[in-house]
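Look for chain A in each of the two complexes below; its partner is chain B in the first and chain C in the second.
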Partner chain A sequence: MSSSSAAQLHVSRRRDAILPAVLLVVFVVLPLLLSSPNINRLLFVTFLWITTSVAWNILGGFTGQVSFGFAVFYGVGAYTAALIINAGVSPYLAFPAAGASAAIVSLMVSLPTFRLRGPYFAIATIGVSEAVRVVMTNVEFTGGASGYRIVEHVPFRQLEHYYTALALAAIAIAVSAYIAQTKFGYGLKAIRQDEDAASAIGVNPYTYKLRAHAVAGALTGMAGGVFARYAAFIHPQGVFGFQTSVSILLMPVIGGIGTVWGPVIGGGVFGIVEEEIVASFPQIHLLLYGCLLIAIVLFEPGGILGGLRKLAGRIRGKRRT
Partner chain B sequence: MTFIDFINLLVSALLLAGIYSIMSVGMTVIYGVMKIVNLAHAGFMMLGAYFALEVFQRFHIDPILAALLAFPVMFFIGGALHWILLRRLPHSDEPTLQSLLLMFGLWLVLQNIGYLVWGNTDRSIFTPRTLSVINLGPISISTVRLVVFFVALVCLVLLEVILNYSWFGRAVRALIQNRYAGLIVGVWEDRIAGLTFGLGIGFAGLAGGLLGSLYSFNPDFGRPFLIRAFVIIVLGGLESVTGVAIGALVLALVETFSILFVPAGYQLAISFGLLVVVLIVLPGGIASLLGKARRWA
Partner chain C sequence: MVSAEPKPILQVEKLTKHFGGLAAVKDVSFEVRQGQIFGFIGPNGAGKTTLFSLIAGALKPTSGSVHSHGKNIVGMKPFARVKQGIARTHQIVRPFRDMTVLENVQVAVHFGRNSVSSARQARERAMAVLSAVGIDKLANTRAAILSVGQQKRLEIARALATDPHLLLCDEICGGLTHAETDAMLQLLRSIRDKGTTVMYVEHDVKAITAVCDRIMVLNYGQKLAEGTPDHIQNDPAVIEAYLGTSAARSK
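Right after this comes the complex of A and B.
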């Protein structure tokens, strides 16, 4: 690479960082200006969705391994954080612990299933999430099916939760953007395109997939932990619910799979739209998402981001002529 | 455990294996020919169960017969879906992200149509047969389960005959073994794939109708069975009907006898545990073990 093109790349990277920085500042300042608990809550939930969506995309989008069981990480993170917070430890130690335990669980799923190619991993993830939920509804010390309460002897400050979620989403996006630029990220993309070719050029698909799954699991687990602290009450049907897995899968696909910003858009749209639709049509919303999923897969695999890019390209093309 | 208990458990495991194999065989043929994991299988099973219920309630037709009627209906639905949606997927030798997501979307749609039409209350098919039991000395057998078992067995044998002795079956087996060779000798892939998908969905509907006579169901019906079906397919080595029957038997035996040691609530965890063990120890399934034994002999 010549020095001028390297400098150009540097400039474009710096330019790419402007919009996210502006957005970050906006979301830091926004609650102070609006001071509306409702909007804070909506944004808090949306940040968590964005985190999980970005996390799913690291495995599903970059690496091309579909998982239907991210609720497992979300739930494991939530329960880990809950247990640690209840033991009197600072929540800011509990969140990394939640991520770590989710990463360990991710290895339990991926060590056996990534040994083989084909659909084994995708189906096994459904199996794991079902099995874990069944076990968690029967486990005594976390309250089983009746759920688990988190007791913190400090006053509830919504803004603290808000900024925790914002920071987590920012970290997730940064991790995903960083991975996309490293050798690791290119390795993952190579695996998605052709596993044989990838291993021929020295990428070990097995360990790469394991690492991608662990990173994704850790991020999702932390999101679960942050959620558990906010909700103060968690139960297996909620955090381990199949619904949670479905949502985490839908967002990146809607937004645009395999890109850095697609899942963020998907998470944002989903988080805000979901709140509105679920309230009024609890059944129809999944029907709509199902149809949307089919339509995206068949007609616009790039999701919202891909569609926007095509549109932008068309407009630019018209201007030139 | 007395000897009688043992025989009782063995019989119930055998009966369970029949229904397990009928619900997995549809997924197997679809996977074999199209290399698509039919995640919507549970949704079609749910439709089959509700079909049997509706036919039974409206026309007072025997639910087992209604389950058999579900087969042609679901066959056409499957064929239509293939023509509308699946035809558009690019061909591949292993399941693609696209196909997994498509089938998953289809499952969501079916499930939520179910919720819209039938609501979320649990339903069941209740006939005088439901609670009746045949006693063979100390061994007691549930009549419904016995009937369901025989229906399943007959259908499996029919399928095996079709696959072995018809042009369609030969074409299906050709595509399973080597897609390109099949194309070269003139197999019209699109049509065979459409028929196969219809066949697979038909079997899903049949299995759902039969399961509806055994268990209560709601639109979320079938998810645990989807996992079981996949365990069975992996056990059986993914692509053969005999493999499915063996896999179903193994899973049924493990599940039935595990009740002696593990609470019933953990049954799903057991089938998943079995899946992990098989993936680690025997990735080719039991069929590969048999193949090896044959080579050694």
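Right after this comes the complex of A and C.
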């Protein structure tokens, strides 16, 4: 590659970093200006959804391994953080521990399920996820089905939670963006497009899928931990629920699978709209998600980001003529 | 050929592969020496593709051994064989369709025998391979929209980018025009001349005899003959397998 095009790449990379930096500043300042607990809470939840959406995309988008089992990591992270915080340890040690335990669980899930390909892997993750939920419903030392309470002997400060979630989302996006342009990311993308061809040029599909799963699991587990501390009460039907897995899968699909920013958009939209939808259509909100999923897969597999790119291309094309 | 025999790069001994009761490849032994273009031909169903897949690692043999540089590689997965210096092309092209031509080859540099971590360095080496194969002008084109001939070249570029000692080429001239075939064979010669040993399977006897230093003929999964192109073309057993008994007698 010539040095001029390398320099161009550098400039475009710097330009790519401007919008995210501006957004980060906006979200740092916003709660100080608005000081609305309700908006803070909504954004807090949205940041966590963005984190899980970006995490899922590392395995489902980059690597092409569709999992219906991410609630396992969310739940394991939530319970790990809960137990550690209740033991009197700092939450900021509990969150990394939540990520680590979710990553370890991801390896345990990976070892058998990655023997399977495509739809068979997806089905296996449903089985694992449901099995874990049932086990957690019956484990006594975490309260079983009736849930588990987190007690901190410090006053509740909403902004602290807000900034923790914002930082976690920023970390998740940075990890995802970094992976996308490294050797690791190219290996994952090669596996998504043709696993056998990837193997034929030296990519070990098994270990690379394992690693992607672990990174995705760790980020999701940390999100679960941050959520648990905020909620102060968790129960298996919630954090380990199948609906949690579906939500985590739905967001990157809405936003644009396999891209860096699609899952962020998807998580943002989902986080802001979700509560409204649940409140307005409590009986049929899952049906609405199902319809949305079908519509996206049929009409715009690239999600919101894919649609926007097409639109931008069309406008640019018209201007030229 | 040089009088001092170059050392063998691949040694195949009594290789056998059964599919159920059928022996697709049976007791095949041969050696590929460094710097050769080694071809194998055979009528339809002779076991060419099976033998090829056994050497590339896509299939496991029922019995027998494959040694690369003296090391038994039976049971090694394809990605591990790449690290040993064995790379393949696919008969039916399998590019990473959503990547550009450059990215396709860049991945191969990242994960090849002398794997490179830096993306910039990998792109540079990938560009060099694209020039050598003659598709550098297509570097930023999406692989999905290439023509068949271009995709076959991309297959070769990607395999070459892993820096192999031995390049396995599976029917790289299938579906190409005469002019394209000639250009492809020229490319194979230039790859050999730069020091990579080539093993080449093709349906087209003309293409094989034009380019190979040594040829093995398969029939019903067994080795029928092996030798230089001249030798093979005049072997009565080979003529019989291809053209029938009467043709062999009239020779």
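By our rule, the second predicted complex is superposed on the first by the 319 of 321 C-alpha atoms of A that agree within 3 Å, B and C clash if a C-alpha of one lies under 4 Å from a C-alpha of the other, contacts with A are read in each partner's own complex, and residues count from 1 in each chain.
The criterion applied here is as follows: contacts are C-beta pairs under 8 Å (C-beta built on N, C-alpha and C of every residue); 3 or more make two chains touch, one makes a residue touch a chain.
The structure displayed is predicted, hence computed values, not measured ones.
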Query raised in the report: Here chain A is shared; do chain B and chain C fit on it together or clash?
Result: fit
Query raised in the report: Counting only touches as set out at the top, which of chain B and chain C does A:I201 meet: first, second, both, neither?
Result: second
Query raised in the report: More chain A residues touched by chain B or by chain C?
Result: B
Report summary line: In degrees, rounded to a multiple of 10, the angle chain B-chain A-chain C between CA centres equals 70
Query raised in the report: Given the touch rule stated above, what does A:L298 touch, chain B (first), chain C (second), both, or neither?
Result: first
Query raised in the report: A:A122 contacts which: chain B (first), chain C (second), both, neither?
Result: first
Report task. Considering only touches as defined above, state whether A:I39 meets chain B (first), chain C (second), both or neither. Result -> neither
Query - Touched partner set for A:L23, first chain B, second chain C, both or neither - result: neither
Requested in this report: Could you tell me if A:V135 is touching chain B, chain C, both of them or neither one (first, second, both, neither)?
Outcome: first
Requested in this report: Examine A:P112 and indicate which partner it touches, taking first as chain B and second as chain C; both and neither are also allowed.
Outcome: first
Query raised in the report: Once superposed, minimum distance in angstrom between C-alpha atoms of chain B and those of chain C?
Result: 7
Query - chain B and chain C contact sites that coincide on chain A, given as residue numbers - result: none
Report task. Could you pull out which chain B residues touch chain A in their complex? Result -> 31, 37, 39, 85, 88-89, 94-95, 97-98, 100-102, 104-109, 111-113, 115-116, 223-224, 226-227, 230-231, 234, 263, 265-269, 271-273, 275-276, 279-280, 283
Query raised in the report: Within the complex, which stretch of chain A touches chain B?
Result: 60, 64, 66, 68, 112-113, 115-120, 122-124, 126-128, 130-131, 134-135, 137-138, 242, 246, 249, 253, 257, 283-284, 286-287, 289-294, 296-298, 301
Query - Contacting residues of chain A [partner chain C, same complex] - result: 1, 6, 181-183, 186-187, 189-190, 193-194, 196-205
**Report entry** Residues of chain C touching chain A in the complex
**Finding:** 56, 58, 77-80, 82-83, 87-88, 90, 94-99, 103, 106-108, 110-113, 115-117, 119-120, 122-124, 127, 158-159, 161-162
